Structure formats: C-alpha cells, structure tokens
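Below: one structure, written as structure tokens.
Going by the order they are written in, the chains are A, B, C and D; count residues from 1 in each one.
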Amino acid sequence: MSANKVPVAILGATGAVGARFVQLLHNHPTFQIVALTASDRSEGKRYADAAHWVVEGEMPRMVQDMTLLATDPEAVRRVAPEVRAVFSALPNEIAATAEPAFAQAGMLVFSNASYHRMAPDVPLVIPEVNADHLRLLQHQRQTRGWRGGIVCNTNCTVSGPAITLRPLYDAFGVRRVFCVSLQAISGAGYPGVPSLDITDNILPYIKNEEEKMEAEARKLLGRLDGGAIREADFGLSAHCNRVPVIDGHTVTMSVETERPITPEEAVRVLREFRCDALAGLPTAPECPIIVREEPDRPQPRRDRMAGRPVGGMSVVVGRVRREPLFGDCGIKLVTLAHNTIRGAAGGSVLNAELTWRMGLAEG
Amino acid sequence: MSANKVPVAILGATGAVGARFVQLLHNHPTFQIVALTASDRSEGKRYADAAHWVVEGEMPRMVQDMTLLATDPEAVRRVAPEVRAVFSALPNEIAATAEPAFAQAGMLVFSNASYHRMAPDVPLVIPEVNADHLRLLQHQRQTRGWRGGIVCNTNCTVSGPAITLRPLYDAFGVRRVFCVSLQAISGAGYPGVPSLDITDNILPYIKNEEEKMEAEARKLLGRLDGGAIREADFGLSAHCNRVPVIDGHTVTMSVETERPITPEEAVRVLREFRCDALAGLPTAPECPIIVREEPDRPQPRRDRMAGRPVGGMSVVVGRVRREPLFGDCGIKLVTLAHNTIRGAAGGSVLNAELTWRMGLAEG
Amino acid sequence: MSANKVPVAILGATGAVGARFVQLLHNHPTFQIVALTASDRSEGKRYADAAHWVVEGEMPRMVQDMTLLATDPEAVRRVAPEVRAVFSALPNEIAATAEPAFAQAGMLVFSNASYHRMAPDVPLVIPEVNADHLRLLQHQRQTRGWRGGIVCNTNCTVSGPAITLRPLYDAFGVRRVFCVSLQAISGAGYPGVPSLDITDNILPYIKNEEEKMEAEARKLLGRLDGGAIREADFGLSAHCNRVPVIDGHTVTMSVETERPITPEEAVRVLREFRCDALAGLPTAPECPIIVREEPDRPQPRRDRMAGRPVGGMSVVVGRVRREPLFGDCGIKLVTLAHNTIRGAAGGSVLNAELTWRMGLAEG
Amino acid sequence: MSANKVPVAILGATGAVGARFVQLLHNHPTFQIVALTASDRSEGKRYADAAHWVVEGEMPRMVQDMTLLATDPEAVRRVAPEVRAVFSALPNEIAATAEPAFAQAGMLVFSNASYHRMAPDVPLVIPEVNADHLRLLQHQRQTRGWRGGIVCNTNCTVSGPAITLRPLYDAFGVRRVFCVSLQAISGAGYPGVPSLDITDNILPYIKNEEEKMEAEARKLLGRLDGGAIREADFGLSAHCNRVPVIDGHTVTMSVETERPITPEEAVRVLREFRCDALAGLPTAPECPIIVREEPDRPQPRRDRMAGRPVGGMSVVVGRVRREPLFGDCGIKLVTLAHNTIRGAAGGSVLNAELTWRMGLAEG
C-alpha cells in the first residue's frame, strides 16, 4: 500500500454499486481499498467468488482475493486499523444501524443508502450543487458526539435533474418542475428486475422513488443556515418508470422559472456552469453538464459514459426548448445521468475527495 | 362475398397498420375487404408476398392471394366497382393527394395518415371523444363538391390521453396537461426503428410527434359549432420518447383541472365513462377506460390487449394520484393505449362503423 | 362445480408454470380446479395476492379468491376430498418427496418436475411420442404399492426435438443428433433470469439442461418392454443457451439417420405425422408438427402460439435441408416449441387427458 | 500529418464497419486517415453529418469535418495523392468493381467485403490463422497486372471458429465441425435489422452466411502451395441465427478431431497458442485466445471487448468439454468474437499491419 494514500473500506461490496465503488477506487490517487464487507451470507468468502461483477471490464486483480469481512466496525478495524473512510453500498435496512456504528467508531461514511439522507444534520451532497453543505459535518459531530460522520449522496434519479437545476435556479429562479424518469435496470441492483418483467415492457412505478426525488431536490438546492439546511422553495413532481436499459437514467423536465428564460439562455448557463471548488479533484468532471444540439440526444446507451477524466460523471442535457405551458418562464429539456456512476458510487467518491480537500476529514 | 356487407378497400395494405386493418376487417360483420392497394413497388404482387405481417397470428387465408392494386381510385373501381369505403394506411406524402382522389371518386376515406387531420372541414374523430364531429362530413362534401369524404383518426400517441381527458374535461374542466410518452416501436411502422438504435436505449425524440399531440388534443376535445370546430381552450405539452417495447404507448399525465378534483373522484368518472352512441358497434369496447388499482399498472406487455370484444380497444389507466404542483386542482396518472389498434387501425374501423350507424355514409 | 368433471389440484400454483396450468385447466371440459397449493410463505394467502401471473391475459376470476393450501395431501384432501389428479409445478427439491406423498395418498400426479423422470417405473411421456409408456403406471402401482401414481412430462427443451425426431426415427432410423438450444427466459421461472444478465446478452449455459436433454430423449423414444423402458440407441449431444426471448425454445438440429433421407422426404413425414390415439382430446393439437417453408421461420415471437385448438401445442419446424457432414443420411432443421405450454403445463394436461382416455386413471 | 505515417483512406466510411475503421485507425502509429469515401448520396457531405456512428465513444474530432469523397480511385488521388492503402467497408455489389479499380490504381485494398474472398489469387487472411497466405499478393499482382492488390478478411462469423480451430487443427487434426452461431445485430450493418423483427425474437436465418462459413473455413486453414491455396480437408456445417445482442458473435462448436483429444489438452493448446509473426503489431492481441473456466462464459456483453492492447481482438473460449458423439476424438466448446472488431475492421487493420511488416506493401 502506498504510504500516502488514505485507507478505505467498501461496505456491501458485492452488489452492483459495490462493484462500481471497486472500479472507481481501484488505482485512485487519494484512496486505497484495504477492506471489503458483505452480508453474513458472504462473509469469509473471496470477493471474486461472492461478487456480482455487473460492470464493464474485468474485476481488478487486487480485490479478487480479498476476504469479505462482516459489516461491522470492529471487524474492519481488526484487519485494517487505519481505515478512515468507508464507502457504503449497503441496503437501506442495514445502513440504518451500521452506518452510525462506523461513524461512532471514528470513520467517515460516504453513503449511497437513503436511510439518513433527510436527517437534519446529515449533509446530502452533490458537490456541483451544494458543496458547502458538507460543513454540516461539524455540527453533526457535535450533536452526535461522533469523531467520524455520515455524508450522503442522493437518490440516483434526482442527480441529473439536481445538477441541471443548479445553474438555472441561480440564474432564473425555479418555481415548479415536472419530471418523468425512464430509469435503467441497474438502478434496482442485482438480481433486481426480473427479465420476465421488463422484456418488451415498461414498469410505470418504482417504490418510494417519486417521494425521494421530490424531497431530496429541495434539500439539495437548499441553503446552509447555521447548523441547518433551509430547503429551497420550489416544487418538484415526478413520475418514475423503469425501462429496458442497462445503465443511465433519462429524465424529461418541464421547468417553470421565476424570471423569463429562453432556450438559448438556458443552454448558455448550462454550458457555462463550472464548479471551481472541485477543480482538479480526480473524479470531478471537466464539464458537469454537456449540452447536445442534436434533436435526438441524450440517449442512454450513447451518452451515459460522457465526461472526463472519469466517464459517466457528466450529466448530458438535450432538447432544450420552450415549455409553452409556462409562457415566458418555462423550458423543457431532457437530462441523462449514469445512475451507478454519477448517481451513486461516483457521486460518493467525489464527496469524499471534496471532504478531504475542504479539511473536513478530521473531526 | 356476403350480399349484405359493405365492400371496402385497404390503401397501403402491406405495412404494419395495413396488417392491423386486415386483421380487424377480416370477418367483420359490416365490412368486407375486396381490394388491397400498395406502392408501385408492390403493385401486382400477391399480398402474402409483399406484406410485412408484423401482427400476432397468421395472415388470413382470404387475403393471401389477393393481388395488390395501385393506390388509385380507378384501379380500385376497375376491380371492385362497388367499393364505398377505403381504409387508408398510406404514408403522409401519398395520402396528401391520394385520399382526396378517393373522396372525389365517391368513396369515404377512413384515414390513419396525418396529412388532412387539421384541415378545418375534416373530422378528426375518436368516437368516444367527439362522435358528433363526424357531422362535419356534410359540410366537407358541400365545400369540396365530393360525394365521398375524408374522416381522420388521430395520432396514435394522443389517443390514450384524449380518451382519458374526455370524462375529466366534462366533469372538472381541464386547464393544462403535461404529457410524457414512452412509445412502442411499432408506431414507426416497418422497417421503422433500427434495432441498433433501440437496444439497451431510449430515443428521446420522435419527429413532429409533440406538435401533433398538442394540436390534435385541442381539436378532439373541441366543440362543433356550425360548420367548424372550436378548439378546446386548454394547453397540452408533450415530451415524446421511443422505448424498446413492441406495442402499446404509455403516457404519463399531470393534469390541472378547472375545478377541484380528488383521485377518488377521478377514478370514479373514468370508470363510469361510457359512450351510448357506440353501444353494440362491433369494434366498440364495453369499457372505453379500464382503471387498475395495482401500483405498477398499466404495463404495455400486460395491458395492451385489454378490452372486449376487440382486444386492444380499451385504454388502461393506473396510478391515479394527487398532482402536488396543482394544489386541489390536479391529478397525476398513467395511461396506456395500443398504438396500432386503439390508436390506428381500430380507431378508423370504429369511425367507419359509427359513420354508417349515424347515416352519414351517403353523401 | 360441474358434477361430471374430475376435480384436480395444482401444486406450486403461484409460479410461471403454475399460471400456465391455471390458464389451461380453467374451463377445461374434463378437469376442474378445486385446490391450489403453494410454499409455506404463501400458504393461506389469496391466489391473486401471491401469484406471479406472467402469462398473457387476465387471471381467471374463478381462481383469484382461492386460498392457497400447503403442498400436502392431507391439506388438499381436507378441503377437496374428491381430488383425483394433481398437476405439479413444484420445484425439484420439493417434488422429490411431495409427489410420492400425493401418489401414495391415491392421487395421480402429472408432474413438470424433473426429479422422478428417469426412475425406471415412472412413465416419462409426450403423448405424440410414446403414449404407450403410460402403461408403466400399472407396474409402478404394483411395485410401490400406490393407488395413485406419478406421470412425468419432459424437460421443456427436449420436447420440440423429441416430437420432431419421432416420425424421423420411425421412417429413417436415427443415429446421432446434434442439438443447440436458444431458450426463452420463462424457462427459468419467476423471478428467474435477472434482466442485468440477459439484456444485450446471451448466457451459454443452463445448469443440468444438457444432461437432461441427452438422457430424456433416449427414454422418450425408447420401447416399453414388459415393465421397463428400453432406451432408444441413438446419441444426442446438446449445447444449451439462454436468449432474450420471453417464450419459445428454438433448437437447431443436425440429424444423422440410419437410412438415406432427403429434405423433401423429411418434410413429408414431418407433415404427415399424426397421432390417432389423441384424436379429439381437448389439448391435443390437430397437427403435432407444422412445417414452414419460408427461409426464416420458425421464429419464437411469431410461431410460439401455433397450433389449434390450444395455441402453443404444435411444434413448428423450418429450414429443413441437407446436413452435408452426414452424406446421404443427414438433415438439418430448426424446431420451436412453446416451453411453458408444449414443454410444460400443456404437456402435462395432455398426459392427464390421455391417461383418462386409456382407462389408466384408476389404480 | 505525421511525415512517417502511411496515408490511408476508408471506403464506405459512413456505416457500422466504417465507424470501426475510423475508431481503430484514429491515432494509429503506422497509418493515418487522409480520406473517407461514401455512396453518391453522401458524397460531398461532412462525415459527421452523414455517418451512422454506432460504436462506443465520440466520433474523433479529426474526422468530423472531413468531406466525403466518391468511392473512386481518382477522387481519392485528387485529394490525397499519396494514399497507399484503403480499408474497404463497401457493400458487396460496390466492392465487386470498386476494389479492383483501387488495386489497379496502385493501392492495397484491405477489404471487409465478401465479393473477392474466394477468388483463387486473393489472400483471405486472419493473421493468427494463415499469415503466410499474404504471399499470394505477389502472384495476384503478376496475374492481374496490378501494382496494388486486394487482401480480404473473413466473414465475421467464421473468425472466432477459425482462430479456435487453428491450434486444434495443428495439434490434433480436424475432421468435422458442427457450428451454431448466435449473431449480433451489428453484423447486419445500419439500419440493418428492424427492431420489430428482433425484439423478443430470434431470426434463425442469415442469408448466405452458412455457405460463407463453410467455404471460408477451409480456405483459411488451407495451405499455400505455389501460387494457390489447397483447402484444408475437413467439413464444417453451420446453422446461423440472429439474436438480440448488439455486438459479439457467439458460436457453439462440436469438433471431431483426427487424433484423440481431452478437454484438458484442448484448453492447454488453446491457451498456449501464440503467433510470433505478429508480436508487437499495434492491433495484435497479446493472447489470441482467452480461455475462461467459469461454467457460463463467454457472454457477449461481458466478454466481447476482451483483449489487449486493442479491446475486442481476442477470441474468448469457454465450456470446453467432451463431445460424447465423437468418442475419444471430440470436444465441445463455445467461442465468442467481436464481430465488428475481430471479425471485421480490426481484422483488416491487422492484415494491413502485417502486410507492411512482411514487406509486401510494395508491388
């Protein structure tokens, strides 16, 4: 192990998001994977024998022979006493108690689970949207008496819309947003969606997804005010659908702004959107938002890996046009984000990189 | 041929919608197929050799050996002088001139093409929505000096939303409707969508489709006033997407009503919706709208053939719930219609049945 | 319940094959469903609440409210003492002990499970292939001291090849058969194949499937000799693949015959193949084998529902041509059978109909 | 343009294989794209406006603005007089006359079209299989009086089996091979296979494909004898199927060898297979054949990009086991090759690299 890298663990490493964490943290310049945990069923097995490697490319040799640990701070500490951060791909019901246990034990938890997202003292962060919310960590440590802490990323479906809304909100204000998602099957994990349900079919419902999108969007675009987040006061309404696509969540949006807007102005602010606080972070995309002019883009298979240096971290927006039902104050567009990179593992890794840069890693 | 049946022809019979016309008119109690036409390339061939039979079941023996005629009133008259109605599955650019030629020659054209839909004297009809618009035919005949006439069905995507809106409009008024479609590949005809474009993918754009939905919805729900249609004064905004589904267009709708509405009331008026003028017509569904209670319905593969006596003629609605962005005056729902039956061939056949019943067949 | 119908139960009724049994036995002229069983997890629930209804059309009203029983002869007898036959869609490990228990309790078990198929005293029957093997039942009852008995249908993949081989074997003899299957996802039941595994993909392996095909084919085409089956002495070798198709197993076959054969002769004997012993049975297809001449048939989506009066009971064969590697004694062809109708539930129902006709229902 | 690179053109650059040529030749160390040609319909357009970019990643900036030329040696010479090699992705009927015209004009044609493959003086080459056949070029130039020449790659489907057979043939001899293919839709080009034909379906027929496989395999494994190829004397029989997979042709093989073989021996010779003549060529894979041990590999989505340094150039073999129908002299296996890389554009690029290394580029 490189002496200079931060040793980290991945919790719940055997599933679809776990595989993405492995992929993104392998050869990472700042972090080094030193432990992997799993459910009781897989504890003690080799990672290569227990994991569902449902991402592109081969499993890195480095992790193949790692022995899966119990998802427990002591088990991790025993094997890797120096671990300072854990990336959680745990199912929600396990995350509920396991994540606080790791935080209590002094580790920073970068979580992909939804359980703690809406807790008032837990930062729910997409760095390009609300980097400053990370400062809630200090408040969280005080209140809870933790040396570590919990930082949540968002629901995978809201990540594209939230990043798209950030520059529009700042430039024009946002009043109402109608979202309809066409979500990839990898969003449901592995084994996830049975092929008998989704072949030649659409599922017009994803449990709790609409509620999450509606609530998280307001917290994400909210304002840090002392030790609390004041939610942004716009409304978002969602219809969520599952479609036969492997990766990449497409969301159509009809946005009502506070102030007049034209498609040309919208394209301009989306294109010019940058996030200086992230410049040079390994997982930060050069362009958070890529706007395409072709009438038929973004398309999930063709655009989901957009972004550099890490493919899948840029959001791709297209079909920016007037929304006739909102008069001068409306636009329609389509936004696409890779759900297990931008909307899950990649988002958490970027959160961790930023936490270190902001000097918030130490309690 | 049965002496009592009305002899009819199918124009452009070799494509996907043509096949549906054959399927629905074969063994029809009122109409009898006596001629099939095609493009120059297929003229003179056997139907079985030229047709793309992309519907379920086998091609009826009765049509297999029919010789394809030119799409020309004289060619049809020569072989079948008694033809009184033609069902048009012609591409738009051919329909532009061919359909008027058939109308001029004294035949009633029940068209699936979009070319003449928005002409002021052409009835654009979904029987459950605006049966009375058929009376425009008399005005059309006078203005144009035709003995025949043109009756259009609607764009396949708007058929589900329009039928769903009819009872809501009558009971609560409608102000604004946000629609997002997830459209089946059969909507693009054959060969249509290349598999390389739609496998593991979504196409977020269908040329002219959004414009058609927005315009046709207002004409459909409009009011016949003398010799003209006064368009309904609500706004509809659409995002249209192509998805990897064979048949069945799913549309999510967020509806703002004039007067307060609850999901329970909406379900009630949708369920109770009937259309007495159609009672007993061979292709009319017993229930125009079927409302499902399960959280994850309608689904295209499982619900597209809903309806009796002709499968695929009922619209299936589900997920009726509050639309929070419209306060007391909003609901959200999902509607599904079979695009080549309800939204194309079946709609035209029902238009023809109703035209006969209303005594409008003769000029 | 009709006084004249034979009361039957379905074991393991909530899965994919269970749903097919319900579909085929509902409104059956001879049998009447009076009980449905399930695993412990679903026992006591309404069928409509526990079943995965993954077949076309709606669940019959008749079964929706039936309460699921434990898969136990006494539980069934308690509710429906007259039950004389049970149709088993049980998983293999349950079938191992449950099916003998029902047979012991005096019921005839028509099983879709593989556990007992190769037992020497259990008839493994496709009526068109080896109806006379049913007579093994008498021997089975004697040996085991049962009043009931077990009759197995075959592995779903071997059903198409076995029916196709029957007339070829009789007319030309068969020496070697190379089979490669392209199997539908419904063959794995529900939830079965994860969509993440089969979207834009092929799985070139199905556990135990090749072994079953190779063994069962020889027993099916074997000869009943006293109380035993003498296996047919040809070799069959199989490669089994899973493909993204909902229903319908396609199998390519290269057949080496004992005596010279031409494609024309093969087509003739396949077309003329009939099975008089089955004439008039409700589920027996008019034509066991339908031979198509088009170069690109059979195709699963277009041909899987072939057959009358029950769609899906005919095997469809196409592309009959010379097999150059076998000189004068070889043909190549493609055969397709609906895996959950012909290859599963429909096969068992036909076995039951034939058992009754042959007077073997009573021990 | 680098002074040291060989200037090349791509003929028929706008389709699926054309896009692969662009992808593989962009940043190539030896070759530099200086011209792109297309059909009359696209001549004069920008490449970015006319191309169907159906491969992963973005179109290289370098080619986006190139103007498409007519597929004519003079048109190419006019713009790029130094062109010495052309890569042909032409349709067969154009290749028939266009390729000889380029060869006559002094250019080496590395062709992906089938038209000239079986001509006695045209080398049909997969470098790992029959590199020495390239020497036919000298004979071809003499006979035809050309300064340039034509080198063909093989049918995409035969490439995996041929590479797999090479080491088996050398070690054990090969008598008969039964192949069944499951071919990706990209093999049919763009627009290619209509989605209405392949969704939830298999097409059990690909025109002329079986004949090509059977003939090309024998030429590939044949022996160069003076100015002619003596075909290898084994038999290959193929069933070709189209399946809903984007890229990657899977082929099951049952191989009868001349001498006894065990699966372990087969795995060993497949794994040890190397091709020294190619060492260090930019497109040559480190391992021509990768053997996987898992029971369910190779899978097209997961294995098609195997190989280094150019993904998609290795063949992946799995499920090596006994073929019971061939006694001691038989094995069964599954082989997978990327059809538009290994089986098309990548194969031609490797042919060109080898031609240069062997000093055959100059007539």
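Assume a residue touches a chain if its C-beta (ideal position, glycine included) is under 8 Å from a C-beta of that chain, and two chains touch if they have at least 3 such contacts.
Quick caveat, the model's predicted, so the values are computed rather than measured.
Any chain that touches chain C and also touches chain D is listed here: A, B.
Contact count check for B-C and A-B (C-beta pairs in contact): higher for A-B.
Separating the centre of chain B from that of chain C, both taken as means of CA atoms, is a distance of 41 Å.
Chain centres here are Cα averages; for chain B and chain D they lie 48 Å apart. Between the Cα centres of chain A and chain B there is a gap of 43 Å.
The residues of chain D that reach two or more other chains are 199-200, 244, 246, listed in rising order. By the touch criterion stated above, chain C contacts chain D in their complex at residues 176, 178, 180, 182, 199-205, 207, 214, 235-237, 239, 241, 243-246, 250, 252, 254, 295-302, 318-319, 323-325, 332, 334. Across the complex, chain B is touched by residues 56-57, 199-200, 305 of chain C.
Listing the residues of chain D that touch chain B in their complex gives 16, 54, 185-186, 190-200, 244, 246.
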